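Labels for the chains are A, B, C, D, E, F, G and H, by order of writing; each one numbers its residues from 1.
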Amino acid sequence: MSSFDHWIREVLEKLAAGKLDVAGALSELKDLPYEDIGFAKLDHHRSLRGGFPEVVLGTGKTPGQVAAIVERLAAKNTNVLVTRATPEQAAAAVAAVPDAVYDEISRCLRVVKQTIEPIGKGPVLILCAGTADLPVAEEAAITAELMGNRVERLFDVGVAGIHRLFGSLDKIRRAAVLIVVAGMEGALPSVVGGLTDRPVIAVPTSAGYGASFGGVAALLGMLNSCVGGAVTVNIDNGFGAAYAATRINRLSGD
Amino acid sequence: MSSFDHWIREVLEKLAAGKLDVAGALSELKDLPYEDIGFAKLDHHRSLRGGFPEVVLGTGKTPGQVAAIVERLAAKNTNVLVTRATPEQAAAAVAAVPDAVYDEISRCLRVVKQTIEPIGKGPVLILCAGTADLPVAEEAAITAELMGNRVERLFDVGVAGIHRLFGSLDKIRRAAVLIVVAGMEGALPSVVGGLTDRPVIAVPTSAGYGASFGGVAALLGMLNSCVGGAVTVNIDNGFGAAYAATRINRLSGD
Amino acid sequence: MSSFDHWIREVLEKLAAGKLDVAGALSELKDLPYEDIGFAKLDHHRSLRGGFPEVVLGTGKTPGQVAAIVERLAAKNTNVLVTRATPEQAAAAVAAVPDAVYDEISRCLRVVKQTIEPIGKGPVLILCAGTADLPVAEEAAITAELMGNRVERLFDVGVAGIHRLFGSLDKIRRAAVLIVVAGMEGALPSVVGGLTDRPVIAVPTSAGYGASFGGVAALLGMLNSCVGGAVTVNIDNGFGAAYAATRINRLSGD
Amino acid sequence: MSSFDHWIREVLEKLAAGKLDVAGALSELKDLPYEDIGFAKLDHHRSLRGGFPEVVLGTGKTPGQVAAIVERLAAKNTNVLVTRATPEQAAAAVAAVPDAVYDEISRCLRVVKQTIEPIGKGPVLILCAGTADLPVAEEAAITAELMGNRVERLFDVGVAGIHRLFGSLDKIRRAAVLIVVAGMEGALPSVVGGLTDRPVIAVPTSAGYGASFGGVAALLGMLNSCVGGAVTVNIDNGFGAAYAATRINRLSGD
Amino acid sequence: MSSFDHWIREVLEKLAAGKLDVAGALSELKDLPYEDIGFAKLDHHRSLRGGFPEVVLGTGKTPGQVAAIVERLAAKNTNVLVTRATPEQAAAAVAAVPDAVYDEISRCLRVVKQTIEPIGKGPVLILCAGTADLPVAEEAAITAELMGNRVERLFDVGVAGIHRLFGSLDKIRRAAVLIVVAGMEGALPSVVGGLTDRPVIAVPTSAGYGASFGGVAALLGMLNSCVGGAVTVNIDNGFGAAYAATRINRLSGD
Amino acid sequence: MSSFDHWIREVLEKLAAGKLDVAGALSELKDLPYEDIGFAKLDHHRSLRGGFPEVVLGTGKTPGQVAAIVERLAAKNTNVLVTRATPEQAAAAVAAVPDAVYDEISRCLRVVKQTIEPIGKGPVLILCAGTADLPVAEEAAITAELMGNRVERLFDVGVAGIHRLFGSLDKIRRAAVLIVVAGMEGALPSVVGGLTDRPVIAVPTSAGYGASFGGVAALLGMLNSCVGGAVTVNIDNGFGAAYAATRINRLSGD
Amino acid sequence: MSSFDHWIREVLEKLAAGKLDVAGALSELKDLPYEDIGFAKLDHHRSLRGGFPEVVLGTGKTPGQVAAIVERLAAKNTNVLVTRATPEQAAAAVAAVPDAVYDEISRCLRVVKQTIEPIGKGPVLILCAGTADLPVAEEAAITAELMGNRVERLFDVGVAGIHRLFGSLDKIRRAAVLIVVAGMEGALPSVVGGLTDRPVIAVPTSAGYGASFGGVAALLGMLNSCVGGAVTVNIDNGFGAAYAATRINRLSGD
Amino acid sequence: MSSFDHWIREVLEKLAAGKLDVAGALSELKDLPYEDIGFAKLDHHRSLRGGFPEVVLGTGKTPGQVAAIVERLAAKNTNVLVTRATPEQAAAAVAAVPDAVYDEISRCLRVVKQTIEPIGKGPVLILCAGTADLPVAEEAAITAELMGNRVERLFDVGVAGIHRLFGSLDKIRRAAVLIVVAGMEGALPSVVGGLTDRPVIAVPTSAGYGASFGGVAALLGMLNSCVGGAVTVNIDNGFGAAYAATRINRLSGD
């Protein structure tokens, strides 16, 4: 029996036992369609679980808004991650919350208030093809760390110089989940996917010019990957890739 | 020390010990760049492991070619999966290998010669939005089963009638991995992804017309999903989704 | 108080009054998250209301499947509309349900078992630009009729011969809702929208060739219409336009 | 008989009665093709009717031009709405017309000189999926209010946290017309459309990044919505959605 | 004074003179908004003028429908052009109207009942790049002839063998209007446009494969032509190009 | 016999008559492939003819470069037109050539050194749909004037208020060539093309937002125009439309 | 002095010497603009050179037309290559020219009448990623052979199983020119380009489904290749790649 | 025997001869999978060969980063090429390395420390269509020079004034490799490719506006070129074209 059924039964038993009148029972049940059928449990589960961070998207907010949000969350002792934070947003947030830390490359702003509970069966390996892919790769790495994964990095291993990739076969083989970040033709996930049978998450980046069309070439390359079982996220979505890796890694460690 | 280093050392020691001359050692090493740095191991790993199937893409092959391939693989006692097999290909294959089984909806042709070793921490749940998505959903389901996953199905639960989805919350909550198949606007993965914190793989289908552009609308919807941590595969790629789910589920059970 | 609250209260009161034990109350409530928070009410509302039809999409079904569905629904005395029905599907359905009626132009198959309750404040006017748009316009017209609207038609009034449109200004002015169907450049809704202040629904069609891109040119034209307050549906979606018109017209008559 | 026929008859009768000579009759009739066949009537109808605003698009105008237009219209005691007004345009307009009011989020500038005549059968409900959709949602809300609708708001109810939507079912059920604003995958209208049988207008927004392609993903999602009867407007077109809602709501109240 | 004013004056004068009563005058004027403000004059002008053909688009019509239309028009002694006629449509039409002539390459079906009045200052020259462009080039040529132009042809003069083009400089120089038909990269109009200062109409064709995208490459090439003053029509629209050439040539000869 | 043949014959006859030796004849002929087969004649024709302007594209040039080019051309007494000139380029040019005139709306910079020879059979009429199309319409108007056409303007006559267009039917009817400029859905050329049988050149503009895709919607609308014989130029290409109109108008007056 | 100058001089000298009169000289020179300025030399060069084939595109021709062309060319002892020939075209051609040879996979039809003169510095290596790319790879191989190149093949070496590629490093290293054929994500040229410093020509194929968009994904991948100096041809254009390789290889051997 | 086999044999022979123990042999072999199977040889080959430059992409780097990289490479006496360098990056680099040379048009920054070894059979000819293509053409020219090619330029020879191209036929005929740079419709490579049988590399540029779509029109034009054997690189990729030309030219001179 689900905990939801269990909870309803308790209310009903209290009513049947006279410990609650109809108005009281109704009052307890009335939020039910949205509060109690398990959705909220999930939400609480998230925020209560070992420092899992609250995530804020910086885009479209003023520095003052970002600072205010970070301050409020930090005051609740919640870990916070602001993605796509501008230097101006970061400066405002750090002024308000001195232990906020900003990473210029990934544009991630972090506040760690609670110990991050480690998860998963093994490390999440972040690979990227070129230096232009670094911001997205670092966004994935920082996000994955904040969500409890052990993170390893293997950067600048593009397929045109494939020997560099082979120098790190051991890293590839021991990873539990692999996040492969690449712009331009987006070929790296196919090569990496052939070297491991662990889950591979491909992240196209907007690095490139001309017919890269802001990452579309890499995205299509990854969606059409000839390696079985690779999956893809949106262009430049390092955060989403790390979140997916966390879902996968947490499952393996549950 | 990696098994690769170990293997080279053995050859060198035999040479140093005079058990092998230079020509013999060279001969053993000469395939090394491709045979021995671990790639082949992966391949064997796959085919040797509990009935993991050989997969053949039916598209572009004649019925005779499909029959011949299936016959040859079946003779090696390998489990076989032919995807996107036409009825003509299936008929030829069944004539050649009587225990081949064809599923018209998913266009999957299977031969099971070895017991399939069960994997993973829990079931893979396949959801689909409408009846037009059934072929892709079934391709995912049959592939996942052949790869050792326990599979559950939850079909025809589109977001326009969201109460049908909520009638099966328990199924959603107990799944280890979820494959969500949808055409048209591709909204189902976002809703499902908010109901579980397990890995969610979205599969856009080409079901639809007009501005669905053969599945592009669903694909874009899934790539832009507002739910954190959903990942996407190519349009109509039920096979790839199942393979990804297998990578994830196997990790959790390793 | 909503009817939902009312219904829960009744169950609780029966429990409090001993007319129901906890198991019985739980049993009544257990379907609640999906059955009783109002979704189902909507569905019943639809099918119970004056002959509102069950709608079946013909695409992708075999003639036998269509015939079976139509037969089953007709046996329940429900009005039925099959859209995009092929002649083969229609023949099978008519063989099974002799009072099924097929319209070749719109590819609509209808069975009318209940009197259609008239709705709305005025007629729904269907305009179309050219003869190539007729199938979509007729799908809209037949759908709107089956849903209870009074329907008027004004066909072959493309903007290149704008005087034909002006010959029917009275029809335009008296319509409660206007559905404007056009392929090619899709200019008609802009002109019509300037002649009335009633709701205008634009339907792009795939009629055309070359740079019409299967209706994309018309779709973009309609989305960018310079007339305020026109709305658009998917390419060739005569059914959807009629359904939207019904929602609008029913509101006005409620 | 239409008022147009009536008007011609009057001229002819005056001529037949000798109250007008041929030259005078011709002079009265000569503007007829454009002035008198009903077009102008529509225009007057609009501006004369209960404070219906004159609408000015700010884009591409200088602050001075906007200020001058607003001043001229306000001097005629007309209600004015400037959409997509920049802060600079707004400052210039407020300097010229002190009772002009600017809303930074929606970039709407308003002057209300006449009482706004209430219209319609019920409220127009504006829903939006995320905070990034607020500017478009507010443009719709302010426009709808200026056009006489009663407006309710239900913001930040994205499908990934669907329980928030269900907490406001009553609001959804009592709305006469619903405007659903969403970026990214644009899934919200499908879910909302399944919860009501009133008209639903979907507004895609350009919120998002990467494969959202400036709102194309949301637009395609909405055009392909699996819910029957939803209609769509151009990306970020909150104004157009509100205008369409006004056409619908006014019809119901006529 | 326009003939329209003249016509109204006549009616008014008859009324003033008592030769017509108000009802009669009204009856004559009542069709005025669409019949008499000049539109119809244009239409009559067309059909009355020296054999200018009625044009019928074959696409989407049954052979019987085409035959019936051709028969009806031919019975009125009108010249007829059916474009995009299938062989089946042509056979049916010829059976009904024995002097109908079908051209398999261009898929044009013609009936000439009236002498075609020659127009224009000089010949219309039709150029095409390759043999795959012939159907479109011939559609343009036959249309232009039926509309009264003298037509010259210069086929198979693609830019990769530019010497062939230069062998016919005289033809190019004496043409009044040039229609340049090309698929693939669509470069021919730019070269031709540099060799004449007469009007040049570019027609992209769908000839090609792969990244020609059904004529999009040629269309874009032509729209971006570096030669000043070239204009473009839709892909494969030989008819439209000939019609435009006729408008131009007729102007020069008026 | 062409003038080219004539010219070769003269050289040969001089050689045969001994007035020229082989080396001299060869020297005269050696430039032949590019200088003398008529290309250069065309170029001279252009620049010598009644003040036909030299045209310079401002885009991508520095103010100093523009000023230097204008100064050099003006010194040769040539009329000059700089299109897409920035205010900075214009200021530099005016400083160098005081009789240079800049138009801010169209971004055209002109120097008129020679009397412009009037051409053509009648006026070129420039129509535009909305105020946002003005820059392109004015570029067309100014270019057409500089090339010798008499120009009339009919602005702000969008199809949503079609009565404004009908108030100027006389202007439309007397134009020799019509240039119709429109953004958004680009419907105006279809309506105008139905009101005249003179050549119609459609110019899409990038005015609009969202699904106008920088003018693509208008471009597609115009390419798919349902009116026969309209032709199209590139997005925002007012200059090209005027050049094409000049080719047409000059032909009619030759 | 070019052979062109030489040829003119000969004519002039004959004229000066009285061996030719002016009419005769003019007659010899009159084809000059197109025949003699070197273009034709190129053409002759091609057809005269060691069996270089005449190439015919089968698409859009009837079997009879193909047979007639092949027969006529073979009668002139020319080598012939028909690309994209259907089986029906091939059957007709073989019936007419018994030594014509058809290859079903590549759809190439060949007639070899002259010995093919070998060219180039080394072999042209054709690589392809998967069996679905075979038709294009074979078209390239057969074309390259007919044009005189020595051809080697390395098929089914996709990047997901990169060890297969490394088993043939010697083949890759000794190739003069490499043609790399791949569909889906088109990653193979990047990997191959990193293993050689010889010219690499990438050929995208339409193999794939869904978001491969008929080869667009592979095309974009190749255009964005991270390896320096790879070049690309149109989708499925095996012929063009072989022709380019021939231009390169012939240069090296000249 | 390949040099790779040779190298392994040497290690093995030293081990067999006792000149090396197993640990020493293993140590020499252990980097083998990535260092010694020939990849590195290629890299060294490049940098050691006659001044072949190290290439750095300026995009996305700070001026300080560029200066530091250039300084480090120059200190190793390597020739350096920074492409797409901004003026700020260039200023910083020149301050650090005074013999660095910056070209503003191409945005190339060069340091030449070693004599550049000439390569190839003949000159590389760079053609471009218009002045807007100059930056890309110059990037190609400077790159080609730095890589050892003799470079000739033929600029501003667009197809609309084709006589300019023919004035330089000799340059075209003597080139070993041709790089043809063009924006807008990209027609130049087709014309040039018909005038030579040497390798032709087409480079589309983003010059243009409207429907040039940032170079897509030119790219498609080039991919669809009707001339056999032309190849294409990414939009604006002058560097890649020069690199490809170098691969080709070096092959011919090897």
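The rule is short, and it goes like this: contacts are C-beta pairs under 8 Å (C-beta built on N, C-alpha and C of every residue); 3 or more make two chains touch, one makes a residue touch a chain.
Every value quoted in this text rests on a predicted model; they were computed, and no experiment measured them.
*Asks:* Can you check whether chain B and chain G touch via the same residue numbers (shared by over half) or via different ones?
*Replies:* Since fewer than half of the residue numbers are used by both chains, the interface counts as different.
*Asks:* Calculate how many whole Å lie between the centre of chain C and the centre of chain H, each centre taken as the average of the chain's C-alpha atoms.
*Replies:* That pair's centroid distance is 60 Å.
*Asks:* Could you tell me the distance, in whole angstrom, between the mean C-alpha positions of chain B and chain H?
*Replies:* From the centre of chain B to the centre of chain H is 41 Å.
*Asks:* Whole-Å distance, chain D centre to chain H centre, using C-alpha means?
*Replies:* The separation of the two C-alpha centroids amounts to 56 Å.
*Asks:* Out of chain G, which residues touch more than one other chain, so two or more?
*Replies:* 33, 37, 39, 161-162, 166, 169, 194-195, 210-212, 216, 219, 223-224, 228, 234-235
*Asks:* If you go through all the chains, which pairs of them touch?
*Replies:* Chain pairs that touch: A-B, A-C, A-D, A-G, A-H, B-C, B-D, B-G, B-H, C-D, C-E, C-F, D-E, D-F, E-F, E-G, E-H, F-G, F-H, G-H.
*Asks:* For chain F, which residues count as touching chain H in their complex?
*Replies:* Result: residues 31, 33-35, 37, 39-40, 43, 57, 59-60, 204, 206, 214-216, 219, 234-237 of chain F touch chain H.
*Asks:* Given the complex with chain B, which residues does chain A contribute to the contact?
*Replies:* By the definition above, chain A touches chain B via 2, 4, 37-39, 42, 45-46, 55, 121, 166, 169-170, 173, 176-177, 194-201, 219, 223-224, 228-235, 239-241, 243-244, 246-248, 250-252, 254.
*Asks:* Spell out the residues on chain H that touch chain B in their complex, using ranges where they run on.
*Replies:* 5, 8-9, 12-13, 15-16, 21-22, 25-26, 29-30, 32-33, 37
*Asks:* Provide the residue numbers of chain F that touch chain C in the complex, in ascending order.
*Replies:* Within the complex, chain F touches chain C at residues 129-130, 158-162, 183-187, 190-191, 193-195, 208, 210-213, 216-218, 220-228.
*Asks:* For chain C, which residues are in contact with chain E within the complex?
*Replies:* Touching chain E: residues 131-132, 161-167, 169, 207, 209-212 of chain C.
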